[in-house]
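Below: a set of structures, written as structure tokens.
Look for chain A in each of the two complexes below; its partner is chain B in the first and chain C in the second.
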Partner chain A sequence: MDRAVNVAAPGQAFKVPPAVFALLRTAERSIPVLILLAAWEAVTRAGMVQLFLLPPLSQVLVRFYADTIDGTIPHHIIETSVTALSGYFLAAAAGVIIGAAMAISRPIRYMVEPLVSLAFPIPKISFMPIFILWFGLDTLPKVLMVAFNCVIPITSATYLGARSIDKYILWSARSLGTQPGRLFWKIVMPAAAPQVISGLQIALPQALIIGIVTEMLTGGDGLGSYMIRAVRFSDSETAFAGILAMLVTGLVYMQIATVIRRRVLRWHAEAAAG
Partner chain B sequence: MSVISNIMPAGRRLRVEAACLLAVGALFAASVAPVKGEPTKIRIGYDTIPLHIVPVIFRMPELQKHNGKEYALEFFRFKGSPLQVQALAANEVDIAALAFSTFATSITTAKLPIKGIADLAQDGPWYSQAFAVKKDSPITKVEDLKGKTLAINAFGGATDMAARVMMVKHGLTPDKDVRIIEASFGAMPAMVRSGKVDVASFPAPVWSVHSKAGDLRTLFRQSDALGDQQFLLYAAKDEFIKKNRKALVAFYEDYLRGLKAVVDPKNRQKVLETISKVAGSPVKNFEDWALLEGKDYYHSPDGKINVKALQSNIKSLKDLGLLKQTLEVVPHIDHSLLDEAAKRL
Partner chain C sequence: MAFLEIQDVRKSYVTGQGEPFIAVDGIDLTIEQGEFISLVGPSGCGKSTLLHMIGGFVPCTEGAIRVDGVAVQQPGPDRGIVFQHFALFPWKTVRGNVEYGLVERGMPRAERRQTAQRFIDMVGLSGFEDSFPSRLSGGMQQRVAIARMLACEPSILLMDEPFGALDAQTRKIMQEELRALWHQFGKTVVFVTHDVREAVFLSQRVVVMSTRPGRIKAIVETGLGPGASRALIDEKADKLWDMLRDEVVRAMAAERSKA
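Our next item is the complex of A and B:
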């Protein structure tokens, strides 16, 4: 859509191209972050904190750049992404199926709902030692731990989405002779899609966080391992470069999720609302 | 309008308010300032007992003259020495138990203004940490570790470094050829026996108990990698040493007296009972090895760091590319506390 934006006072109207407006808006929203980063650099340069506890931002950026150019950070990002996304997609498949099954089947709801309620508040990462015991120290326990963490929010979102459909739509479809299977795929799932996708979006950063934490606990490669080793070798700059890499990865994940949401729900009222 | 302003003239009210503020300030200052004559608090990091013998010595009040008078101790347990570097930097401990490797990185990488002030334990002269596999494991030499998993207690610590040195010496690249993971020493026997890891490191307390079953086999020792090592040493910030010299000398006077007493055979039963209490493990787990020559780690009787071994250990790590920078250790060692303490005995 090619919409120009009027940003001037009445009587002095001029049009700003949308791209420029978006750039200005991003710049405006970045001001608090830039102030924080400037304060970080100033505080460390002034010697107000020990450099081991908080190295200057400029040095962290230099390390981040060097480790990115030599392929270290990209390698660890790929390792973490493989772990996090494998677990995430496993959880997405299981969570959507279980949530939908709970919505349409009373016996399944009876069996699964208490388990989901019980599992929701538990800090699931505390199961990691058990997962190591059962599945060893390779990639499998990490992937399963990510899946275990992500499946609950996805299941809940799918269940709530599928249950909250306007009953008049269902009645109308049934009265027109729609079969149960078709009803589920053509009515229930599309109507529940915004909530299902919300659940998937909530679970995505969790997948990244849990993936990194499991790497910190079990070794191997990945951002978690990259950071924990740096900390153990008193190398704060590398540890902070790892945080930066995590931040960049998380932002990319969230941006991709937002784009997918827009595309999948382009038919939905929320897309029309902008 | 408040009640006070109604009943008191403005000038007098200001004086009363100022007096109240001063009183509150004085109370606050009194609450945070150390009381005159109060012993200096010394916070010490430790890990496996009785490798870290200091918490044992200071659980035996009859061995101490100055504890509770000139200084008061507080012990904090850590898993491995690398975490103690962070605690030292954040002023969460005053004396940290550092490995030769973390001592080097805390000065060269973390730029901490610290000094090594005393020996804690040496690996090699008596016991040397074992890296063991299952007895029936196909791993018979270091080269066989390619593609296998090895467990250490903390990345960057002495045990990790010894394992890495051994790998490099045998043509393996740590982390690429061999997966290295962190685990607690207590969990390692079970991890090896269940096949979760192929090889693990066993400090004396764990090895003495678990080697008896006969199902574990030593692949190599830490001393095979690095010779005699200044395995662990005590380090403190320069500023802390300067400010609390008197208390530290008193502490080391008690330490040297205690160290002599705990290795004295006539105190053995009492010492074993104390070790058992501090470690939370039965006496039988310690009686045939703890503090015995050749079976436990060596503790220097004069409390001094083996500077030659320490320098050699750090040089080996640098030569093999496991440390970015080397360190000339002599300027970073301060034995003056021990010298003064020894004179007072």
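Our next item is the complex of A and C:
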């Protein structure tokens, strides 16, 4: 009796709610980051680097806070997001359609597959001067650049997902009365959803990166030009505040993407476990 | 005229080397309505191939398969099939899977729900309607596959080693349930297995196949009623196994010489 209680007691005492546990886990995982940040602050305070090259973290945070309060950073984040997400959704629509078309049609596959293979390894951003030449310096070339970059991984993920369908699943549908012409949308695309979504997930941070780089190249508004402009005026605190803003934006994007993935792929073993 | 006629069927594939490979040859078999027939034979003897041809998933190279006098051209809901690895739709719930064929048939929603529920209950999956297949055990997934097939009310059930992936206990229970279902509905069943005891327990006739190419070696009437004793089943199974043994040994030797 006594023994049973004793055995049970520690387990009971340490029973933490899952939410608290998750929080503790996150806290634990952020220790290396905190160490890095502390080192940053210490090194700059100790005068070991030129402050112009690396301002102390505390001063960067002050700038970040000030520019957030007065709306500067939010404005640039929105600007960048509009560019990145417009291009991204354009790429998502085009990529899924092109990838699906490649899976369905042999002539389309014949035409498009070598182009995708060719485009896959090259740095798409190197086309930016051409895009500026063609589309000017406004938002359009940035959006198209993002789309051009993101359409490649989305197309190839959709195509590969649609091609890798298990023939027995197709046969099941046929024997349950589905006509061949309807198989693609009723069976192939839902079955390919995990791969399609993986492609979309891979492309999302790329959209942000390309969006920011195009802003650095063409000016206008947005986080990229916010940072480049700061550097031109030798304002390194603002440049680092821009990096912070980028980091926050990127984390929020990825978090949203993860939530959407879990929702859409509720049926998937991996999503269900995660 | 028999219900399901398989007439001098041959299937050959073209191999990677470009030579024809004969998977099954000279298959002649007639199956009566309401009959439960099993196919046994060494692996690679063409059991699945034959089932897939009856299902209309792959065409015969020669010969013909007729259901009720009509040549099989393509798959259809009159011939339900359960594949060895279930082939459920993983993005649909249990209910979604079982309703699938009913949706395709255009059955109104309320009626569809009710029909699907009846089959879900029948295979003992009440309470799991909203679960996704990835959350279910192998035995439960197999039940979903069976319910999905039965919901379309096919006149022929094609089952390809449906219990092959199950553990021994689950398999035994599923065998008993399948036999009960068959007694209840009296459908025509073509059942592929490599387990002779399972074949004897379930079926009225057992087709023994030989390999390379797959041919019918013998057709054995089991003649066992539903109340057959364990001893009787074992005795029949042993006899059948004696017949099959040589074939299996020969198939294994052929595998080895190929490797």
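The criterion applied here is as follows: the second predicted complex is superposed on the first by the 256 of 274 C-alpha atoms of A that agree within 3 Å, B and C clash if a C-alpha of one lies under 4 Å from a C-alpha of the other, contacts with A are read in each partner's own complex, and residues count from 1 in each chain.
In the analysis below, a contact is a pair of C-beta atoms (placed from the backbone, for glycine too) under 8 Å apart; a residue touches a chain by one contact, two chains touch by 3 or more.
Since the model is a prediction, treat every value here as computed from it, not as a measurement.
**Q** Based on the superposition on chain A, does the combination of chain B and chain C result in a clash or a fit?
**A** fit
**Q** Check the residue A:Ser234 against both partner chains and state whether it touches chain B (first), chain C (second), both, or neither.
**A** Only chain B is touched by A:Ser234; chain C is not.
**Q** Contact-wise, after the overlay, does A:Ile187 reach chain B, chain C, both or neither (first, second, both, neither)?
**A** Touch partner of A:Ile187: chain C, not chain B.
**Q** Which partner chains sit in contact with A:His268 here, chain B, chain C, both or neither? Use first/second/both/neither.
**A** Second partner only.
**Q** Go through the superposed model and pick first if A:Leu176 touches only chain B, second if only chain C, both, or neither.
**A** After superposing on A, A:Leu176 lies in contact with chain C but is clear of chain B.
**Q** Given the overlay on chain A, how many degrees, to the nearest 10, lie between chain B and chain C at the CA centre of chain A?
**A** Nearest-10 rounding gives 150 degrees.
**Q** On the A-aligned overlay, A:Tyr110 touches which partner chain: chain B = first, chain C = second, or both, or neither?
**A** Neither chain B nor chain C is touched by A:Tyr110.
**Q** Who does A:Phe120 touch here: chain B (first), chain C (second), both, or neither?
**A** Touch status of A:Phe120: no partner.
**Q** Between chain B (first) and chain C (second), which, if any, makes contact with A:Ile132: first, second, both or neither?
**A** first
**Q** Taking the superposed arrangement, what is the smallest distance in Å from a C-alpha atom of chain B to one of chain C?
**A** Minimum over all C-alpha pairs of chain B and chain C: 49 Å.
**Q** Report, in rising order, the residues of chain A that make contact with chain B in one complex and with chain C in the other.
**A** none
**Q** Show which residues of chain B lie in contact with chain A when the two form their complex.
**A** On the chain B side, the touching residues are 80, 82, 85-86, 89-90, 102, 105-106, 109-112, 149, 154-157, 160, 175, 179-182, 194, 196-197.
**Q** Tell me, which parts of chain A touch chain B in their complex?
**A** Within the complex, chain A contacts chain B at residues 50-53, 132-133, 136-137, 217-221, 228-229, 231-236.
**Q** Over in the complex, which chain C residues touch chain A? Could you list them?
**A** My answer: residues 52, 55-57, 74-77, 79-81, 83, 85, 87-93, 100-101, 104-105, 132-135, 148, 152.
**Q** Under the touch definition given earlier, write down the residues of chain A that touch chain C in their complex.
**A** 166, 168-169, 171-178, 187, 190-191, 193, 266-269, 272
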